[in-house]
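Provided herewith is a single structure, encoded as structure tokens, for subsequent inquiry.
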Amino acid sequence: MASIKIENVQKAFGKTIAIDHLNLEIKDGEFFTFLGPSGCGKTTTLRMIAGFYYPTKGVVRFGDKDMTRVPPEKRNTGMVFQNYALFPHMTVFENVAFGLRVRKVSSSDLKGKVLDALRKVRLENYSDRQVSQLSGGQQQRVALARALVIEPEILLLDEPLSNLDAKLRDEMRAEILRLQRDYKITTIYVTHDQAEALSMSDRIAVFNFGVCHQVGTPAEIYNQPANDFVASFIGEINLLSVQVKSVQQENIVVTLENGEEPVKLIVHNHTNEGELIQQNEKNLAVSIRPEAIRILDTVEKGTNILKGKIESVQFFGSVVNVMVDVHNVLLRVDVLNTHEFGYFYQGKEVYVQLPEKQLRLIPVISGDAP
Amino acid sequence: DTKTNSNAGGTKEEKSELEDKIVVYSPHGKDILSKFETQFEEKYSIDVEWLDMGSQEILDRVRSEKTNPQADVWWGAPSTNFNQAKDDGLLAAYQPTYSDSLDEGFHDPEWYWTGTSQTPEVIMYNSKELSKGEVPKDWDELLDPKWKDEIIIRYPLASGTMRTIFSSMIYRTYKDTNDPQEGYDWLTKLDQNTKEYSANPEMMYNKVAKGEGSLSVWAMPDVVMLKENKNYPFEFVIPESGTPVLTEGIAIVEGAKHPKAAEAFYEFVNSPEAAKILAEEFYRIPTRSDVTDLPEWITETDIKTMDIDWDVFQEKGDEWMKYWDENIKSGDKEIKE
Amino acid sequence: MIKNRDTRLTIWLLIPVVLVLVAYVLYPSLRTFFESLQKDGSISFGNYQDFFVQESKTNLEALWNSVYISILSVLASALIGIPLAIIFNRYDFPGRSFFSTAAILPIVLPSLVGVMAFMFLYGESGLIPNAIKDLFGLDKVPFKIGGVSGILIVHAYTMYVYFYMTVSAAINKIDPSLEEAAYNLGANKFKVFWKVTFPLLTPAIVAASLLVFMISMASFSAPFLLAGGYRVLSLQIYFSKINGDMEIAATQSVILSIVSISFLLFMRWYQNRKDYRMASKGIGAHRSEVKNPLMKWVMVVTGIIGVLILLLPHFTILLLSLVPDGTWTFQTYPTVFNVENYRLLFEDPNIFKPLRNSLLMAVIATLANLVFGVIASYVLVKRKFIGKSFIDILVMIPWALPATVIGMNLIFAFNEPSVFSFGQILVGTFWILPLAYFVRHIPLVVRSTNAVLEQLDDSIEEAARNLGAKWFYTFRKVILPIIMPGVLSGTLLAFIESVGEFPTSVLLYTISNRPISIEIMNQLRMFNMGQAAAYGMIQITLIVIVLFISNKFFGIKAEKAL
Amino acid sequence: MASIKIENVQKAFGKTIAIDHLNLEIKDGEFFTFLGPSGCGKTTTLRMIAGFYYPTKGVVRFGDKDMTRVPPEKRNTGMVFQNYALFPHMTVFENVAFGLRVRKVSSSDLKGKVLDALRKVRLENYSDRQVSQLSGGQQQRVALARALVIEPEILLLDEPLSNLDAKLRDEMRAEILRLQRDYKITTIYVTHDQAEALSMSDRIAVFNFGVCHQVGTPAEIYNQPANDFVASFIGEINLLSVQVKSVQQENIVVTLENGEEPVKLIVHNHTNEGELIQQNEKNLAVSIRPEAIRILDTVEKGTNILKGKIESVQFFGSVVNVMVDVHNVLLRVDVLNTHEFGYFYQGKEVYVQLPEKQLRLIPVISGDAP
């Protein structure tokens, strides 16, 4: 096991810069996730750690050892490829044994280790099968066993679940987590599925266009997104363009820019809001998660209670998604499916409350600001 | 049974100097070659290897191997081929012990080759389709329009026999006029009667035998051989006005790796006994004047030899054939059929 | 450092590939080109000028005939091969698998005897026309082949297999949902075929056309035996050489090569013009079951008749081999049958020498092809380097060059000592023929290997390295075993073609390496038709045994090679 | 436009019966979804409607017309294939024009119609592209345009979104719905994604192993699942094996079978519960959705309040999933992410309330009953 340090790494392919000035530290035994849209540089970073690419600039360290230019076969990382990359001409056993054979493990040891690894992934009865006779999920477990059996210091997983259907994904997710906890191995997990990232990771790095926007625990990333890209990439969010009116100890007063007469909102002054305003950030927005908004039938006492009208209702099973038009701004509100059917309907007049603690002032970095 | 031949150098002392192997290039085919291979090996215990291919191909091959000759002896080809090879410096001179028994025309003046057999060219016909009385008696009768589409001719460019016949037809007038035009006209008329040019002799035999055409021109020994050995319904007529008689010869290749053995073979295959076997079994007319007891078909046949200056053939032959190929042969012949 | 290490590996792999290509493909071609520039002892383009301005236009005529025959051959082969491929791969009916295998049988027919068989079958005095004539009491035979039509029929018969093989492969890769989409949009069967299925076969058809065009440009046996005086360029080269006009032969070779290479480049361009890649994932084809019983029987009957026609030449050879020489001369049908020819053959103590030679040389050449093909293909597909497309073209050149030209090139290059032959003269030695076979089949093996390597995901190699395996270990234990079945099917085809190879053999054989095809030709030359046929049967049997063993025991299918 | 009637249809492939005794009626203009796990016969049914398969038994009608054996090209259905099945050798324009050309539409009309369809799917600027130059989402829109331009009576969509990533899926979902509403076309949508089915459909048919288990609106399917297969296939659910103790007018009293001393639960007597019990169904379970369970810090007044202990907490963004151990039964509870982080933690003692109206008694048909 080892920690990984990525220091000031840049990677260019010809003229395209796939990764720019990346600094990351992944701790020993951590389950770390790279999250981001397609083409943002997740795979590139992972491959630099595995040794298939060499950074154009910068240093990659395992622990304190500079590994920047060590060839892949000397890195002792275990990688699970997106397509599993199982050797089609070998049995399950031989696939798993491959890394051990390379390491010239004696054949008695080898057998024990391979069977042990297969047991861990619950495939002990499949060792003589050809890999082509396995289902997608089983294949993935073989790939995992193959990577784990060599007892790598680092486990690298490149979107290992993206080919599977929803049910199998859930199962495999649990499996991977269980194995990672068992082996206590430093793991990097690449995905573009935010639910996956949030539910599995110790920490997450969110990428876009080769730049890492935020590193943090799932809750930090979700609840305190660093900017609008992170906020809107991770789950649904309502972003409201605002202007800051006044800053107080506890609260910040902002007005909604919606073309009509300004609507006043009170935002709780979290630690970083003040900084943002001091840094004179021009493009600011107030964000609130759909599930944080409360829908009230009648006006109640409290702050940030606005009148609105239901635009549409969509049923997603456990969650009902209600779009509410509030002063010409469309707010997405998620409520649990606990009401009776037909409780919300298009055209119904309601009040919404935006709890001040759930409102956050964040910088807008993307061109098409909300 | 060949021990009487004192010239062949079959004595024990000489034998010890001979190389243990010899390579022969020859168009004579498997039957002749295997026979002489066995006999020669019996006598000298020298390993004979042979490669049989067309005489023109042998010339080509000897030429490509000039820097690194593979063959020792070249046995069998019209004298014109040998003359060409001689001019290209591909042959080594050797005067055989039987040189006295060869007529003037049957050897190279400088002994680069000597003749082994003579091949008269004849008009051949299918004896099932035509009776002896009907067939043309001379070259010019072939031009009679009644033979239109009855004549099958072996494509001449790759065939020494056909080249000789066609060249002779031109030469008949050329020797007086020094102009091939009259000969070209003759060939043009022949072309008009010709049904098809066959790619190779087998095809020609097959077509004449099955009656697709009933006439051809070809070498006499082959016709006899087909008739006698292979049951083909063939007969031949020797043109009355005279016919070209090719001399087939033998030569030693310049730079041969086994010169001594080559000389032994050279002598061996033209010994009177050998000549007799060739005449009796393989229908070849010997060049040596001292061969006796020849079969009837040789002694009975009266051949009027056309008087030919082979040097002119060699000099002009290619040009004439090229002209024929490019200007006379009707392009639609093969398409028409 | 690893970067350098990988680059170094690429270079190490590239060196032998480039050396072989330069030594045995580029250098001989350049030698021929150089030879063609020689005229009367000086260097000029005089020979080319002669070629084109020559008064009688014979060369131009030959060139035109070659192109004309080749184009017609492509059309004829396509007309047979494509429908057969479609029937056998799209419809399920009893015996389908037998017929689809039988359809590749022409590749086991030795070219020389094959042509003779055609003459005996369909010539003016051939069995079929005469049988029809006698059956219906006609005055004349109803049809016959010969000349151009003969060449075309022989070409169509032997070369449709290339269309059959490539189109079969392609048709199985077409996503059936594309056709279903067309039906769903209201198109009828006819429309679906012409607007969707057929266009999607374009790459396969282009590849096959290319192959057939080049093979017919180079075709030797058929025009040699069938065409009488019909001029084609490959024969002209042969005759020029026989006549000793080496410069002319070289010039003709260069021009023939230029035509072939232009066609190659044209086809490549044509194919790349449009996109035919199907975006979908690999969903296997499902054959429509023929519901209509009438349709089913029509298919079955067509299949049986087709296969019979395909097998007729083979039967003819068998028949010929059983007829003693001299008993079938003027007779319309043979009357005597026995095994005399075989007896004669087997009495000859040297009978097995040509067989052994052919097998030995084919094995040597094919092994070399295998090793070279795998390395070259790996470098071309999986490595990046400058000048890749140049190497790519060099690899393809032996396909664009007619066999006669390859023979010529080798003669020009190796009838004097050179560095590439380690200071030896190769012409006249045993090694020249295996070399020629090797050169001829470079594209075949490299191409079929490319196909499997392209399908091999890079991540497989990366996975092995990630598990700690060095490159060579990875190559040996992972890449090679995976691609081997695909590679071997190409190699098998190369082997089969080597065993029966004629055009380069006739130019290059020597005493020590005389192959079967030459032996057959010599038998023919001595009009021992029966023994030639017997030899042909032995060759066919040999190839069928090899095909059978490799299919049965190793699961290698030659028909999958293209 | 047309309604579709599937009457007593059976489809066998050799010996496997892919569809058994299916009866369905799809109304004119309806957005109807086939939902079910892989291999359950969704595609088979769709292909029978399209005409690519003929039923072994039974009748397929469009309106009143028997279409059972009409060939596909005469059915006037528009199908969007799972893999789009775009013609790779044609441009976008030509792909869309194909169906019109087959119908011999005059070239002036054709151009207008094609461009109109491309405008509807927002691809008017892409008409000259080769299809390989389009992204997955764009390709899908071309496939849609191609199907819509022939103005089919019925639109068939076979898992059209399964190849796309989450973001693109959301977009495309909206797009398809918009187009379907615009064209008011009878639409059948095949999917195995329950969220997709619930949010888009007018009605849903749930399949398993060739049998249709339930047909109904999304809310019916979700809230009143016909049996445990439907219940657990559609979203997460807690299924508790119970025994019925007494049946009253309003309520049913059941006891939980959990090996310990029996726990009493009161279940609201919906319409069908009584029937179930009258039918003497032996295998019964009580179901409750995770979001319907309330977590209380202290015991409150009310029915069905049980004491439990938090086993694990997993963060999914908008929803936090809390597993609570209640009398040795593990209950999954979903709560909205409105609490502060760290509010729920492993080992915390809580009370859960199972509202009686949300509890449902359903038959258990699968072998591995809970």
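For the reader, a short list of remarks on this structure follows.
Note that the chains are named A, B, C and D in the order they appear, and that numbering of residues resets to 1 at the start of each chain.
Simple rule for what comes next: contacts are C-beta pairs under 8 Å (C-beta built on N, C-alpha and C of every residue); 3 or more make two chains touch, one makes a residue touch a chain.
Computed from a predicted structure; not experimentally measured.
Two chain pairs, C-D and B-C, are compared here, and B-C has more C-beta pairs in contact (counted per touch definition above).
Chain centres here are Cα averages; for chain B and chain D they lie 92 Å apart.
Averaged Cα coordinates give chain C a centre that lies 56 Å from the centre of chain D.
Distance from the chain B centre to the chain C centre is 37 Å, each centre being the mean of its Cα atoms. Working note: touching chain pairs come out as A-C, A-D, B-C, C-D.
Contact residues of chain A toward chain C in the complex are 50-52, 54, 69-79, 81-83, 85-89, 98-99, 102-103, 146-147, 150. Residue ranges on chain D touching chain A, taken from their complex, read 37-38, 165-167, 192-195, 198-199, 218-219, 222-223, 234-236, 289-292, 314-319, 334-338, 341, 355, 358. Looking at the complex, you find that chain C touches chain A at residues 1-3, 5, 457, 459-460, 462-470, 473, 477-478, 481-482.
By the touch rule above, chain C contacts chain D in their complex via residues 175, 177-178, 180-188, 191, 195-196, 199-200, 202, 274-281, 283.
Chain contact summary for the complex, chain C toward chain B: residues 55-56, 58, 61, 119, 124-125, 146-148, 223-230, 239, 241-244, 325-327, 329-330, 332, 348, 411, 415-416, 425, 427-428, 510-511, 514, 522-529.
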